[in-house]
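Letters A, B, C and D mark the chains as written, and numbering starts fresh at 1 in each.
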Amino acid sequence: MAGNTFGNLFKLTTFGESHGVAIGGVIDGCPSGITLDFDAIQEELNRRKPGQSAIVTQRKEPDAVDFHSGIFEGKTTGTPIGFAIFNTNQKSHDYGHIKDSYRPSHADYVYDKKYGFRDYRGGGRSSARETASRVVAGAIAKQFLKGITFDAYVSQVGELQLNKNYKELDFSLTESNPVRCPDPAMAEKMENYIKDVRKEGDTIGGVISCVIKNVPIGLGEPAFDKLHAELGKAMLSINAVKGFEYGSGFEGVKMKGSAHNDKFNSDGTTQTNYSGGIQGGISNGMDIYFKVAFKPVATVIQAYETIDKDGNMVKTQGKGRHDPCVVPRAVPIVEAMAALVIADYMLLNRTIKV
Amino acid sequence: MAGNTFGNLFKLTTFGESHGVAIGGVIDGCPSGITLDFDAIQEELNRRKPGQSAIVTQRKEPDAVDFHSGIFEGKTTGTPIGFAIFNTNQKSHDYGHIKDSYRPSHADYVYDKKYGFRDYRGGGRSSARETASRVVAGAIAKQFLKGITFDAYVSQVGELQLNKNYKELDFSLTESNPVRCPDPAMAEKMENYIKDVRKEGDTIGGVISCVIKNVPIGLGEPAFDKLHAELGKAMLSINAVKGFEYGSGFEGVKMKGSAHNDKFNSDGTTQTNYSGGIQGGISNGMDIYFKVAFKPVATVIQAYETIDKDGNMVKTQGKGRHDPCVVPRAVPIVEAMAALVIADYMLLNRTIKV
Amino acid sequence: MAGNTFGNLFKLTTFGESHGVAIGGVIDGCPSGITLDFDAIQEELNRRKPGQSAIVTQRKEPDAVDFHSGIFEGKTTGTPIGFAIFNTNQKSHDYGHIKDSYRPSHADYVYDKKYGFRDYRGGGRSSARETASRVVAGAIAKQFLKGITFDAYVSQVGELQLNKNYKELDFSLTESNPVRCPDPAMAEKMENYIKDVRKEGDTIGGVISCVIKNVPIGLGEPAFDKLHAELGKAMLSINAVKGFEYGSGFEGVKMKGSAHNDKFNSDGTTQTNYSGGIQGGISNGMDIYFKVAFKPVATVIQAYETIDKDGNMVKTQGKGRHDPCVVPRAVPIVEAMAALVIADYMLLNRTIKV
Amino acid sequence: MAGNTFGNLFKLTTFGESHGVAIGGVIDGCPSGITLDFDAIQEELNRRKPGQSAIVTQRKEPDAVDFHSGIFEGKTTGTPIGFAIFNTNQKSHDYGHIKDSYRPSHADYVYDKKYGFRDYRGGGRSSARETASRVVAGAIAKQFLKGITFDAYVSQVGELQLNKNYKELDFSLTESNPVRCPDPAMAEKMENYIKDVRKEGDTIGGVISCVIKNVPIGLGEPAFDKLHAELGKAMLSINAVKGFEYGSGFEGVKMKGSAHNDKFNSDGTTQTNYSGGIQGGISNGMDIYFKVAFKPVATVIQAYETIDKDGNMVKTQGKGRHDPCVVPRAVPIVEAMAALVIADYMLLNRTIKV
């Protein structure tokens, strides 16, 4: 209810603030008997962690996960998997300047109004640091979903847009560059652009595309819990996200039905895939693909005016170690949330027929 | 779990197939003591119902709602509000042609795969007829939320796009034309275009924009249940929806943080509103606005080829009384879902502070 | 949340007041493909309905159920099953005398305090009439659970206690008498006693015992959702219930562990069954058995003093057609709730292992 | 769903096995602004912890709780409170003898059947060690519920039964003896009896009674989520519990309605309280009282025969440091679960009226 749990059958509850003792979570409902690859889990965390390249925040956080329960002799037991990532690099003093004033387009102001006060260190609960817990859970979900692939990648940074169908891309190249764009030429442009933006002390938005392959037919529920509705909610719950579209998306509104309809092949696959692998809210076995829009990070390293708690105008200066563009580090988060959604529906689907 | 319930505290469960005995639902958690305006509820249903103008389906469904419980002497009692809309115009024979074959980009195929068989009459549960129940519940939610306004309108049909900021529009004109576009000149173009598309037996997509005003500060939860995440899920759960964006949306990714940040006024309002009234997942008291993309309706009144249950190619012909464009009738559905989301968070917010 | 939904995967939401238009509900999550026996459903309703014998209330309510959705060609479709039982015999004028005063040990007073006002006709939502909806859902759950048997019976009325192990009883005799006690000699005593109590205008409490056979091993969750915890909640949610015990129950506290432990046979069954078929919250394949205590019905046909809304003492007289003892009609309700619990856990158990 | 979460608005999720790295949990929905008394939390843990007296298990577990989030400058922030209790005394080798055989009336057998394998160390997830997390959350709930008192006490051990109305007892004496019985004479008898039982290497059952005072009128929901139904589930979810009754309970079935009805005073209180403070599932402002039956602990320090995984009979010997009687240490657990239930309904009740 208070919004820190995601999923119904494969369920993640997270806790933790940016500069508290630890962040972490509990995964409840993960089936028993999965042999976990702990290196793969850490690898996903490394893709998200700060300091990994020149175009992301230079904070140093090892982001090592400690598992507390639910695993025995390397396998999931079916009982809740508790885990924590202890915070080791809490430069709280960096945040003293925001204790009494509200950063524009951050959550400072609304937290104070909602809760009466707030943990102002590093954004507290509103910090994207919380997503590290999602990456842990998503990595485990991926291992449960062996055979289903999740490939997210950066398809736009500012005005720089990768205008290629995902089928033309080689996802093995996504990790070959710090932007996580599988088109090396575009990746280089994006990287340079992000560096330029950083030099200005500014930030820039971007888009992540994601493709999920080998999803079985039948996932998703007809009315409110359509598969794409839950995918949409999952993506929109990631910090800085402003939009979600799947299949033909916003462009599809310009098409006529006769062109947009995906004609069947005799084996039940379709000749086109404007549906994005989901029809009537239910997966049809074709590739699922979608896009997620991220706004520019709100923290700019520039002087700005804002208000304090009493409504007085104050002049201040953005500082600290922040991302000039959030999308490179958000790629594993998009995959993690997608994996959590699919895992949940996989379990639910086992309950559908006599 | 099986996806026919929406909301947590102000909770709607729906039932019903297009051509069954009745559709309906149960609203659980609606506070006691609300004096209901039944005409206003019916008025919302009338905005959604078939046959209301020349550019929508010509089916005749009165869509009169019977309330079964939860109301006493005109006021809500706090107990569940059960209601039904009985189906009176069930031309099941119109659907015989789809019993054994799968209509492209419909849910026929996936239902058969998921459930083992399906109620093939009129799309069964996948029919948008289910949304009438949402409109009933949304109308009651609006009455609970007195003072908060929900204004949805058609902002795009095919390539015809209304390029005006919502502040330039007069929402009292939305209902003045069958398209539900508050710009009369654009409305006329859209209407004519829809008529042309219909003549071809074809269909076209569209976009609905929505503005919510006077939402109190503090609605929304920090992590998974961000206010816009739940709004996004609500919208994506409406039939034919392919995308959702709020505030600066997909366009916002092109902006730099220094320009995108919404500077505060001394009273806590902001000078710009790229945030779309939501920061860190929590309402900040500014107008909430978002867009919803609808694909072209899949049923075209044309000959087409498809497969039957055994994978044989069959030739068939779309028929029946269908919408050439879904957005005019979907306007009240968007408002209803938005009202359900806000009502739910209003109740939740009462539990936040000591 | 507002408490009108039971279950997670096999989920029942009910609505309706005693003297409103209709009571009913929505069953969500019932698997597709179950061929329903509608006569069996009505038969369960008949076991609960008023007027069935001389020792129950003489109200006439046909309790015929109308199904609105979720069933096609006699089979469940996997979509929500909406149903209603329309009220046909609403002698509201019988209840005028309770409009302004509070009946002792009824819910009148607390409803007024909780909701600000109440539907005073026939107890409104607090009437046991709501349980008819549970019986409908339970009857469907039983059909899903083919092979698992649910045998509830009256084991105590007032001081009259059936001191026999359930293994000595012949459940085919339960329906042979109006008390629903499978021991004919005891049934006759109970029947006569209830008649005597009725003549005094008084009421008496009772106990229902229930045995569930052929439950597969493994139902139930380790921590909060232990199988017996959910069974207990289910039973305690039935009107007038004051206590629940399973297996050795309250008597078991007097035993030593060495005697209470159920020794294994080599096939995993146990020699004794003090555990009541549940160990650590999880079914072990042995018979599940439990007892449910019902208080005497609060409505007595006698003169009594009570208070009105303003706290004035008023003299009044109980009237109307009420049960002198609730247990004979509650037998199918106990079975229904038990079936709903088992159905829910059966579905959940499908999600446990890879 | 997988049963490791309790509550809806004041929600506890627990994780952890007896001999894993840590147990702990996440409290979600605790209102912001509560100044926490950490000593009081530890005090509750001390009441539950092993080794506190001669009549409980002599294991040494400090049970110190580490809070990871949700608290800032000593106050709750409204964000999830993550916490862990690290295991420091894991004598896993004590449990080697149960790796391959199933202890009677333990969960060993059903875990293996349900999950395919199990963490056999110290009972794994089925160990009552999990309840330490409940005590932490309950202690916080109590602080939220200032003014409401929760007094649990041991009222029966074996055949030794305290036959006094709770109003005759002085709860300040409950902690004056290791049994936690507020009647010193009876406490001494119980203590001696437990010591005798322990000498035999045997165990004995008991009953805990609990009284909750100053609960506001109106908590509880009419249908499935009656206040006593949720209290019952809460109690039945505690390890070793076999029964629950409230108010007049099982004895009340012997009474006639005319005697059982609680007559009103003019201020809305009642002259008797057979209702146990709850009418129609909703609190009426009178004291809530109930009893909880605990079976004898299954681990006896005696030789016994049982089966191994392959169904072979094996002779073995109970060993380790176990409780001869569970009720003295379960008193704070009963209070904790009661506090969690009341906290949840307190928050829900804020959402009921316009």
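We take it that a residue touches a chain if its C-beta (ideal position, glycine included) is under 8 Å from a C-beta of that chain, and two chains touch if they have at least 3 such contacts.
Every value quoted in this text rests on a predicted model; they were computed, and no experiment measured them.
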| item | value |
| --- | --- |
| Pair sharing more residue contacts (C-beta pairs) when A-C is set against A-D | A-D |
| Equivalent interface positions on chain B and chain C, same or different at half | same |
| Inter-centroid spacing, chain D versus chain C (mean Cα positions, whole Å) | 26 |
| Whole-Å gap between the CA centroids of chain A and chain D | 39 |
| Where chain A and chain C are represented by their mean Cα positions, the distance between them in whole Å | 46 |
| Residues of chain A engaged with two or more neighbouring chains | 1-5, 8-9, 14, 29, 32-33, 78-79, 114-116, 125, 222, 348, 351-353 |
| Graph class of chain-chain contacts, one of line, ring, star, complete, other | complete |
| Residues on chain C engaged by chain A in the complex (per definition of touch) | 1, 8-9, 29, 31-34, 78-79, 144, 222, 347-348, 350-354 |
| Chain D residues touching chain C - in the complex, by the definition given at the top | 1-6, 8-9, 14, 102, 104-107, 109-111, 113-116, 125-126, 130, 156-159, 197, 200, 202-207, 217-218, 220-226, 228-230, 232-234, 236-237, 239, 242-250, 252-258, 260-268, 270, 274-276, 279-284, 291, 293-300, 302, 304-307, 311-313, 348-349, 351-353 |
| Interfacial residue positions of chain C with respect to chain B in the complex | 1-5, 8-9, 11, 13-17, 20-26, 28-29, 32-33, 66-70, 72, 75, 77-82, 84, 114-119, 124-125 |
